[in-house]
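Next come two complexes built around chain A: one with chain B, the other with chain C.
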Partner chain A sequence: MRPYTVALAGNPNTGKSTLFNTLTGLRQHTGNWAGKTVVSAEGEFIHEDTAFRMIDLPGTYSLYSNSADEEVARDYIIFEQPDVTIVVLDATSLERNLNLALQVLEMTSRVVVCINLMDEAKKLGIRVDTDQIERQLGVPVVAVSARNKTGIDTLLDKVAEIASGSHVPKPVPVIYNDDIEKKIAQLEPLIRQTLGDRFPARWVALRLLDEDESLISSLRAKLHEQPATEQKEEIRYGRTACH
Partner chain B sequence: MDAPLATNTADPLDSLLGAARTISHGAPIRDELVSDIYSRSRQICKLAVQYEDKKKLQSTYKLDKILTSKIWGYPIMFAILGVVFWITITGANVPSGWIADFFGVIEGYLTAGFQAVHAPAWLHGVLVLGFFRGTAWVISVMLPPMAIFFPVFALLENFGYLPRVAFNMDRLFKKSGGHGKQALTMSMGFGCNAAAILSTRIIESPRERMLAILTNNFVPCNGRWPTLILLSSLFMAAGVGAGLHSLATAGVVMGMVLFGIIVTLTVSWVLSKTALRGVPTHYTLELPPYRRPQIWKTILLSSRDKSLNVLTRAVVVAAPAGVITWILGNIFIGGDSILAHMAGFFEPFGHMIGLDGYIIMAFLLGLPANEIVLPILLMGYMSSGAMVDADGLDNIKDIFLQHGWTWLTALNMMLFSLLHYPCGTTLFNIYKETKSVKWTVLSAVIPLGIAIAVTFIVAQTARWLGWV
Partner chain C sequence: MTTSSSLSLADASTGSYIRLERIEVQGVLRRRLLDLGFVPGNVIEVMQKSPLGDPTAFRVNNTTIALRIEESSLIFGYYEESDER
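This part shows the complex of A and B:
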């Protein structure tokens, strides 16, 4: 059986690469600055006899195609459609981080939210009610510390449940103002008619209303090429992209 | 713009887009989207996050008051940089000597072995004097400084200091028309320009990203550190007493780095006033909390990922280069070796910019990797008659002196190394990232032009003033 694919998304410097290393056992150099991972890295791991292939996406603040990085992350989630997307959030600045989680939830429901850096949050006196966040988002939320390797097993259990389809989350959508909601309602049926269920209609509607040129051209390329023969850039381990 | 809601046009996407435009009446909705998403985040956080003590949150940023302060920011930055260089230079000196001695002994055995089986002289020449010696050079000169510099740099990076450097230098880059994050990509260039070119992806605006790409090679990468360190140690700090020697060397290397940064800013400024005109964009630079690096893990990882890789690459390129240099130096046409003919050809130009024909040739042959410029130069010199048994750092200086080197030659070689075109791998990455032959060529030609101009001015001035 082909391994399940798991994508790691999240804001820059939330410890995605550290989590990636912890899970895959690979040893990629991590740094403490925003933007350290510029190309997506891949690795594999096994959890309870199930194989997973993990992709470490570049860290982004949004998925509104402001930069090449954001396009890479967005295209992966929309076109490659990983079995599970883990959104890594920094427990010490949840408010800003949640924006990205909400955006990812508009693109796919197969999401596990992973709140990382819990140890640091505890030190700073921040208490996070993960159950409450789970209720608010409608997808599993797991608190971990990738560095101290706590919470990893719970995270993987949730990932496995969603990958196998034994748990189908129902994300709570962000409700926009009436004006935008009305426009979405008008556009959504047209999108379903044209594109079918291949892409999340509500999200495509939002992107079209936002006139996201970069998404439109990606979409166009995707619709024309049909069988995907997309070139992917990846880093092989043990050898960096440089010298 | 008006478009029919649904038509049977060839591209269904166009009709969808048309429909979207009709529905939205051309009013941009990005701001509303973002503000709704933000208020939802805030709402969730209000329900789920509690702060015991707001003051505690600020404590991690206390250090920033000093490290990014207007008064102390720069002095601390230079002090840290200086200490890193000093540790690298002092620490690398002794093991470099050991490794060179070790290879010298091995070479002796190899030579004895070749003589014992009566191997032909050319075979010994190609394999031992070319292949083995070239490789040994690279390892003994490059391994120790890299094994110290990379882990120290990685520790600083994991601690969270790099974004503070970017924060400090932001104003300078803004003034020169670039992007504040250019300071980050520049810092990556200290490790490897080719990797730094990839890291420019964090800069959103294409114009500012191009500035960062075009100026990246003005900071020395790991392939050029050994050249800078070795030459400043042998020539620039020569008159200084033993105790202060490594301090003086670190000072000279630091001066080179500062000069490189000044050139980076100047070129950015000129380009942003000419070919890449535009207003700097706004951006958020995140200052992450300081985190205590996992010291051993960082050291081991950076040694494996960086030092070993760079060394492997250097050896892979240096070994054949050693063979080629030996062959060129030992095939004689009309009394002189091919190498000498080639060096002779470049000699007038080399002299004009304070270098010589061999140095120019070493830089040309060193295009694939900056690491091999110095080994090629030494092999070139050694094959051209003056057969010195170069197994110590002092002997290297003798070789240079025999070929008429002065402090000016050393200085200009350092300047040329700092400023000249990036290595082949970097150029290839620039092409991959920009998809433009024009910009790739420019990213080699601009630095080369600057390198020639600067060394020319320095050489002519020094000679005119009668300093050499």
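This part shows the complex of A and C:
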């Protein structure tokens, strides 16, 4: 069986590569500046006899400001459709980090939110109520310290549950004002007609309303290269890159 | 210093806190600013101006961001008494 694919998304410097290295045994460079991930690295790991392929995406604050990094991360999530996306958050700066989490939750429901740097948070006297965050987001939330390797097993259990389909999260949707919601409702059926069920129609509607030219041209290129009936692109196998 | 009328971040005095009210920057940069935490309701600290007076550093969601006057003059808010964020 093909391994499940797991993507790591998150703001810069939240410990994605550290987590990636811990799990895959690869040494993707980590650190503040020199080690910033620019291309996505890939590696494999086994959890409870199940194989996973992990993709370390570049860190971004958003998926909509159209920098090269953001396009890489956005296109990966929307076009490659990983079995699970782990959104890595910095426990010491949750407010800003949750922006990206909400953006990813609009694109896919197969998400585990991983709150990293819990050791730092503790030092600063920050207490994180993961149950409450889990209720408000509607997806599993796990607190970890990638550096001290705490919480990793729980994280992987959640990832495995979502990958196998034994748990199907229901993210709490962001509701916009009446004006926007009305337009989304108008666009959604047209988008389903044109694109089928390959892409989340609500999310595509929002991008169209946002006049997101970059997404529209990516989408156009994608439609051109593969027939509309194909569900998921065959994933290139066993490619690893180390930076 | 307290005032009830709104002012732009470009006019705010160093060391003050501003509760944001509206962002009039447009396009991709608007998106970027929102993503960094320049959202209505959020409180921003005005840090120091660079030697030539531009750009100015702002503290938003625990991160320091430098803005040129072209942007900061289009972001509006009110002075906030406390440093509550």
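Rule of thumb we're sticking to: the second predicted complex is superposed on the first by the 222 of 243 C-alpha atoms of A that agree within 3 Å, B and C clash if a C-alpha of one lies under 4 Å from a C-alpha of the other, contacts with A are read in each partner's own complex, and residues count from 1 in each chain.
As a convention for this text, contacts are C-beta pairs under 8 Å (C-beta built on N, C-alpha and C of every residue); 3 or more make two chains touch, one makes a residue touch a chain.
On a predicted model such as this, the values are computed, not experimentally measured, just so you know.
S.K.: Could you say whether A:180 touches chain B, chain C, both of them, or neither, answering first, second, both or neither?
M.R.: first
S.K.: Taking the superposition as given, does A:108 touch the first partner, chain B, the second, chain C, both, or neither?
M.R.: A:108 contacts neither chain B nor chain C.
S.K.: Taking the superposition as given, does A:65 touch the first partner, chain B, the second, chain C, both, or neither?
M.R.: After superposing on A, A:65 lies in contact with chain C but is clear of chain B.
S.K.: More residues of chain A are touched by which partner: chain B or chain C?
M.R.: Chain A has more residues touched by B than by the other partner.
S.K.: Is A:209 in contact with chain B, with chain C, with both, or with neither (first, second, both, neither)?
M.R.: The first partner, chain B, only.
S.K.: Would you mind listing the overlap between the chain B footprint and the chain C footprint on chain A?
M.R.: Common to the two interfaces on chain A: residues 61-62, 64, 66, 92, 95-96, 99.
S.K.: Along chain C, where are the residues that touch chain A in the complex?
M.R.: Answer in residue numbers: 28, 31-32, 35-37, 61-63.
S.K.: Inside the complex, what are the residues of chain B that reach chain A?
M.R.: On the chain B side, the touching residues are 5-6, 11-13, 15-17, 19-21, 23-24, 28-30, 32-34, 36-38, 40-45, 47-53, 56-57, 59-60, 154, 157-160, 162-163, 181, 184, 191-192, 194-195, 198-199, 201-204, 222-223, 284-286, 288-291, 293-294, 301-302, 304-306, 309-310, 313-314, 369, 371, 423, 425, 429.
S.K.: Spell out the residues on chain A that touch chain C in their complex, using ranges where they run on.
M.R.: 61-62, 64-66, 92-93, 95-96, 99
S.K.: Per the contact definition, I'd like the list of chain A residues that touch chain B in the complex.
M.R.: Going by the criterion above, the answer is residues 12-13, 27-35, 38-39, 58, 61-62, 64, 66-69, 92, 94-96, 98-99, 102-103, 120, 124-130, 132-133, 136-137, 147, 174-177, 179-180, 183, 186-187, 190-191, 194-195, 205-206, 208-211, 216, 219-220, 223, 239-243.
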